[in-house]
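Both complexes shown next keep chain A, but they swap its partner, so chain B is in the first and chain C is in the second.
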Partner chain A sequence: MIQRLHGILVWLALCLSGLQTQAQGIKVHIVSSQASAPYLDAAQALIKGLSSHGVARSEIQVMSLADFSNVSPVALPTGKVWVALGTQAAAALAKAQLRGASVLSALIPGSGFERVLRQSGRQASAQFNAIYLDQPLQRQLVLIRLALPRAKRVAVLWGPESWNRADTLRTLANTHGLVLRDARLKVESDLFAALQSVLDGSDVLLAQADPLVFNSSSIQNILMTSIRDKVPLVAFSPAYVRAGALLAIYSTPTQVGTQAARWVLDVLAQRTLPEQAMAPDDFEISVNLEVARVLNLPLDAGQLQLSLKRLEQP
Partner chain B sequence: MKTPDIRLRMLLAALLPVLLLSVLLSSVFLATRFEDITEAYQLRTRAVARQLALISEFGLFAANRIQLQTLVRGALREPDVRWVAILDQQGQMLASAGDVQAGALPPISTLQEQAFLDRELHDVLTQPVFATDLKLDDLYEDTRQGNAGRAAPLGLVVLKFSRQSLNAQKRDILLLGGLISALGLLFGAVLAVKLSAGVIRPMMRVSHLIERIGHGDFAAAAQVQAQTHLNDPLRDLQQNLFQMADRLANVQRDLELQVATVTHALREKKEEAEQATHAKSRFLAAASHDLRQPVHALGMFVARLAQLSHDATTRHLIDKLNDSVLAMQNLLDGLLDISRLEAKAIQIKLESLPLADLFERLALDLVPLAQDKGLRLRFRSSQVWVKSDPALLYRILLNLVGNALRYTETGGVLVACRRISGADQVAIEVWDTGMGIAPEHQEAVFKEFYQVDNPARQRSQGMGLGLNIVQRSCQLLNHPLQLVSHQGVGTRFRLTVPQAAPQAQSAVLPVADASEPLDWRHCTVLVIEDDDLVRQALVGLLESWDMTVAEASSLARANQLLGEGVRPNLLISDYCLSDAPNGIMVIAQLRQRLAYPVPSCLISGDTDPELIRAAQTAQLSLLHKPVRPAKLRNLLRHLMRAQTVPDGVDRS
Partner chain C sequence: MKDISIAVQTRLTPLLGVVCLLVSQGTQAQTRLAVSENDFLDDMPIVLSVSRLPQRLDETPGAVTLIDHDMIRRSGARDVADLLRLVPGFQTTESFESVAPLASYHGALDRYATRMQVLVDGRSVYSPYFIGSTGFGLQAVALQDIESIEVLRGSNSASYGARAMLGVINIVTRHTQDTLGPRLSVTRGENGVHDTQASLGWGFEWGSARIGVDQRADDGLLGANGRNQLNRVNLRADYRTDARTELQIRAGLTSLNSGKGQLGTIEERPVQLDSSFVQLDWQRNLGPDSDLALSVSHSRESYVDKLLSYQFDYDGISRNNTLTAIHTFRQGPDLRVVWGGELRRESIMSKSFYQQEAALDTDFSRLFGNLEWRLAPAWMLNAGGLIEHNSVSGESVAPRLMLNWHVAPGHTLRAGVSRAFRPPSTFEKSARIDLLGTPYIHSTGQVQPESLRAQELGYFADLPHAGLSWDVRVFREELGGFIRQLNASFPRDYANDEDFAITGGEYQIKWRPWTGAQILFNQAYIDISSVREKTGTPLAAPKLASSLVLMQKFANGLDLTLTHQDSGTATLHGSGMGSAVAMTRTDVRLAWPLRWGARHGEVALVVQNLGEPYQDYDPAYVFQRRAFVTLQLDN
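Right after this comes the complex of A and B.
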């Protein structure tokens, strides 16, 4: 409750500070889908990153999705960079005609951004790009190799929104000496059968974000099935670790905000955004020590994180 | 009726609140308990359903029939569960267990979250099984906005519960409630009886005491007072009652004392009066007896004298003398009649007789008297017959008509009869045009020696015995007698007599048969009389009738005469003799000596009823002094003819 109150107060403070400088030229507009803690954290990290590199607070405007929706399209401010936090904000900015402005979406899963692109008829470009929440497949496979060295067969369940990454993963798995056992889920009722088929003989279940497969209703039964089959789940969110997944690799909102600030600074510095969507640079790893103990896996999140980052360094 | 009423009322007054309270409390208790156990049952069954739904989530997710079958078998072990089934999303039954009969599934939609159906004694509960929703609080959730809302259920759990145990429980509670109520009521009743007894007992004691006092038992107060306790709730009332009873007892004692005193005084007065009456009676009897002897003798002497030849002056004197003797004899006859009526010594002989005959004889006897007085005596005769005693009825009418003639100076006397319509009775009426009787005297005229307006007791106005004799005779015959009189106008006596059917032969009235001559010359009479004068008069009279007379002054003399060879055909004995107890015994002894029942008659100057009854018992004719010569002559004739005595009492 106190945390929620704190978030609201911070959000009000951010909005008010933006309003004060509305008359002057605003360089960065931040539109947030929600006022919840992750979005606030991301916004704060973004502002902090910008401020630390000479962008005045007055040049940054933070607004809610509702505020943005209420503004008439002709009266839209003409900032240089728009940052959308969340899928819904990204969808709103995709529909808006923001002449000459670069739009960077953050805190958005890859499947979500792709849906936004489909719905808005746009393509990822230097003017409309995103930093995905999803960790690169390569990073995920490396993590599996680090955490579960004995694992050979990796089970993956694809949904309609994640299916397009299946081939890539299969290729990468092969390069890492892993065998991919995957299945494509078309309707939710097939979940158990599909899960049963991929888990059979697998060493690890790698979760790929897809609303049809992994959602709040299904996670319990997926976890129970995997644990019963003694197949640990490697997930993409710390919440899954809390629910019973062995470990998760993910980027925190602050990490995402900080990464977004760097790209905004690049744009403000007359550079352009990359043409392709970007993977998150920084990440964190969470381990469910209880599950690890049950599976007799001596894992240490910090150690894994360090090892993985070390491996990613050029 | 009073006792149970009070007890019942007290018991009801004490029990009704207890009963009402008991019923109320029991009802509230039962209603609450029923509600509680029903609610508990519903909660329990729902909890079982939810629990089964919860634990069957993964089995449904995995479509694991074996696991689900295990679960339903486990659920079946829960109390009251009769049938369990788990259905998948499509409504296909994955597992079921329980009674096959109870397995009929009601039409329940799988989307229905809860269906609570009552079917006979079964409750069917359906519980959808949803996947457990874990709040991930994940940024990835943002992308699922379009899929927001509850997901489709994994399946459905259906359980069928029996209400048998619930109903049994209710029944037990009902029994328990009833038992508690009954016990409460019993306890209340016992308490009420105990408590009310403390009040009722003194009340009953007081009630009983009052009843006993009401019956005059004042000693009861003292007995009850001894039983009264200090803590008696009605002690004050009882104390007051005791005082009241005490005072009442005192008052009663005083009253009884007074009554006893007065009664004693009255008894003394009564005894005095009785003694006086006895003295008077004795005096009258003695005087009457003493009077009868000379009058009896006088009558016979005069009769004897009249039989002799005299000159006109002497004849006139003898006639006057005879009148005086007759008046004296009438007075004595009246007294004699009253004596006999008082003694109930008259035997009634009811017979059917024609009134015409009676009237004819009355006319024969009384018309000369009326003519002497210049009055008109008329008889309106009738052919009607009546049922009565001819002699007594004749005597009654003779008295009434004689009375009417005596008190009528002008006009006349009418004797009439008429049938009373609607009743078999005849009214015989005697009308006169006399002075009448004042209303204040109409009751008194029937008393002895009572005469209206005759303080000087004129002999011509009678002796005042006639109506008394009439009334006594009417009462004896049960003939109602009425008197209607108006002063200065006249008097009417009405005698009501039962009517009788006419008969061929009329009753024979004891008419003096003077006309029939009898030869007395062969008749020997033995006269036993101790009074010389009377004996001489009687002997002289009998001898004047040509009888042979043997006279004796005593029983001894009579015996002597018999010893001398005298054989009498008739015995005439005085009742009171000097050497014998009485005449009855004298006759009995003489008859014994003569060895045959010689016709006998007793003559007595005593009108004692005992004597009359004794003569009746001995079947002897009794003549009272003064005996009229004619009557004596008739009796002797009758005795001679009958040779036996048919009737003990002289009825003439």
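Right after this comes the complex of A and C.
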């Protein structure tokens, strides 16, 4: 409760400081889908990253999605860079006519950004781009090789939102000497049968974000089944590790905000955003030590993180 | 039969009300289908909390045999008792003569298998009316609804109470999330085999539910007075009220119509046993390392058995109410503690058994605890105990110590000692039966709790790369003051008779030698030092019993299971010294998977006892070859 109150107060402070300086030359506008802790952490990291490279606090405006929506299109401020935090903010900025400005979306999953593009008739470009929350499939597979070197068969459950990554993952898995055992769910009630079929003979269950498959109701079923079959779950957020996944790889909002700051600084320095959407470049790994112990897998999150980063940046 | 249907319908009405309520809630369920950052940022309920994480098999305080859903299906068994034939040290019967098929560990020491604890989703299902018989409890749920059966071989009173004197059979039903949609299973075959099960599972905003209705019926053993028909209705609903709290509601009815007494004798008659229960479980995750669970349940059983030739009936009713609280917590990485308490009241009413209209009540209060302490990376100590107060027999204490040593990766040695007790049941303490006006059984109430002191050594190996695991258990179980009905003169009484020891060794091997194959091999050598030759106790278990299961899934989908059981000479459950027979039995099961669209199922042919008929329960009762076909349609 105190944490939430603190978050609201910080958020108000960020917004109010933006209002006070609205009349002056704003270079960076940050529009946030929500005012909860992850968005706040991302916004603070972004502001810190910009401030440490000479962007004055008065040149950064933070506004809520509601504030942004209430501004008349003709009265929209004309900053050089807009940063959307979250899918809803990205959708709102995609619809707005922000002539001459670069729009960077962050705290957004790949399929969320693709949906925003489809709905707004846009394409990813140097003017409208995103840093995804999803970890690259390649990174996820390398992690499996590092953490579970004996694993050969990787189970994956796809839903309608994640299915489009299946072919890519299958190809990549082959290059890593792994075999994919996957199933596609069309309705939630398919979950158990699909789970049974993919877990049978598999060494690890790799989670891909898709609310039809992974949600707060289904996670009970998935984790209880996976631990029963001794097939550990590798997930995409630390909440899953707390819930009972063996490990997760993810980027924190602070890491995302810091990466966004670097790209915003590039744009302010007259360079452009890339043409293609970006993967998060920094990440963390969490391990559930109790689950690791039950499965007799001695894992060290710090060591895994170090090894994976070393492999990516030799 | 008509009366039962009406009774079942009457009791079903509230159940159906709950179902309607749940279904109506289900229509309101909404699922967010588009991926957003919330999928990455939102919190999740703690699922594998401290009480949910299973203990590693190399760290359990004793030998464990796990029978999972796949094994249950592929065994071809039609009930739990039949499955337990494949667990080392078990003697089973398919007879309904002692209410329902029995499974005893380390000897058919009595006609009701009273020295085992049977739990179904944590609820103790022994029958207070039948001296604590576990036979009917093994029939509480349909096999299709069982997720796993965990058999803790060896005394476990320290954790599971007095009934766990020789072991525990822990039946866990399938989670409702695992059984969404409709399912149907139909079995028809020789010997009047007529099993049907239908279940429906559905989800709603905060959880999921399942209702299952089934019938298990056959003509029983040749020579016995069949036909045996079980009708069951079971409801389970799982609610998650918030990320930390879970609520489970279970309710069920079981109705058994069976025959008793040898065919053609004056004891031949029909009997009827009905039971019902309601169970409410509440679990709350108090923090990352602490869980609290509360459970309350009410069970009732009523028995109708009229022995007209003796102008006598065995009719009666029993009820029990149980309230249990369990707190599980972790103190640092090396200590996990489970402790809790239980209050239980058992009430039994039977004019014929006790010559009084009023209920005989027994109140139990129990306090138990176990700490799982990792002394060093390779050493695990389980230390625990149970203190029980019983309003009839007073206090008892059941402590246990077990030390596990991981000698090398994959190899663990166990050594442990424990003490257990079993207070006499209401019948053993207070029975007052007159037959044809003559005192027949008059319990004087002198009988005291019997005790057990167990010592065991174990060796568990798990070599996943070789697809091989085994568990060896060597044991000495000293029974003190064994409770027995003294029948040398009338009226009969129950008394603490002799002390004797059950010693021996048993092992189970699991091996996956090639793709799609699994081999299970068990052997048990048991020696019972009882000197009461006329009671049958010395041979209550065969000296040597073996079982072999071969399961093979072929590339074309064909699924083959071959089971062979070979038991040396032993007295039968129901006949004491009147029998001393050996048996062998070979079963085969062939199954083909079915698929239509996203749905799947299976059709299976099972032939039980390919060889010669064998005597079961009584020398006059015979288990003949029987073949049946099962069609199973899953969602």
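The definition used in the following text is that the second predicted complex is superposed on the first by the 313 of 314 C-alpha atoms of A that agree within 3 Å, B and C clash if a C-alpha of one lies under 4 Å from a C-alpha of the other, contacts with A are read in each partner's own complex, and residues count from 1 in each chain.
Please note the rule applied: a contact is a pair of C-beta atoms (placed from the backbone, for glycine too) under 8 Å apart; a residue touches a chain by one contact, two chains touch by 3 or more.
All figures in this text were calculated on a predicted structure; none of them were measured in a lab.
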{"item": "Partner chain in contact with A:Ala209 - chain B first, chain C second, else both or neither", "value": "both"}
{"item": "Contacts of A:Leu146 with chain B and chain C, given as first, second, both or neither", "value": "neither"}
{"item": "First (chain B), second (chain C), both or neither touched by A:Leu297", "value": "neither"}
{"item": "Touching partner for A:Lys186 - first (chain B), second (chain C), both, neither", "value": "second"}
{"item": "Partner chain(s) touched by A:Leu76 [first = chain B, second = chain C, both, neither]", "value": "neither"}
{"item": "Partner touching more residues of chain A, whether chain B or chain C", "value": "C"}
{"item": "On chain A, positions contacted by chain B and by chain C", "value": "33, 38, 86-88, 107, 109, 111-112, 115, 133, 161, 188-189, 191-192, 209, 211, 214-221, 224-225, 236-237, 239-240, 243, 253"}
{"item": "Contact set on chain A toward chain C in their complex", "value": "33, 38, 86-88, 107-109, 111-112, 115, 133, 150, 159-162, 186, 188-193, 209-212, 214-221, 223-225, 227-228, 236-237, 239-240, 242-244, 250, 253, 288-291, 293-294, 296"}
{"item": "Chain B - residues contacting chain A, complex", "value": "57-58, 61-63, 89, 130-145, 147, 151-152"}
{"item": "Touch list for chain C against partner chain A, complex", "value": "31-37, 39-50, 52-56, 68, 147-148, 175, 177-181, 203, 206-208, 240, 243, 288, 330, 333, 465, 598, 600, 634-635"}
{"item": "Footprint of chain B on chain A - complex, ascending", "value": "33-34, 38, 86-88, 107, 109, 111-112, 115, 133, 161, 188-189, 191-192, 196, 209, 211, 214-221, 224-225, 236-237, 239-240, 243, 253"}
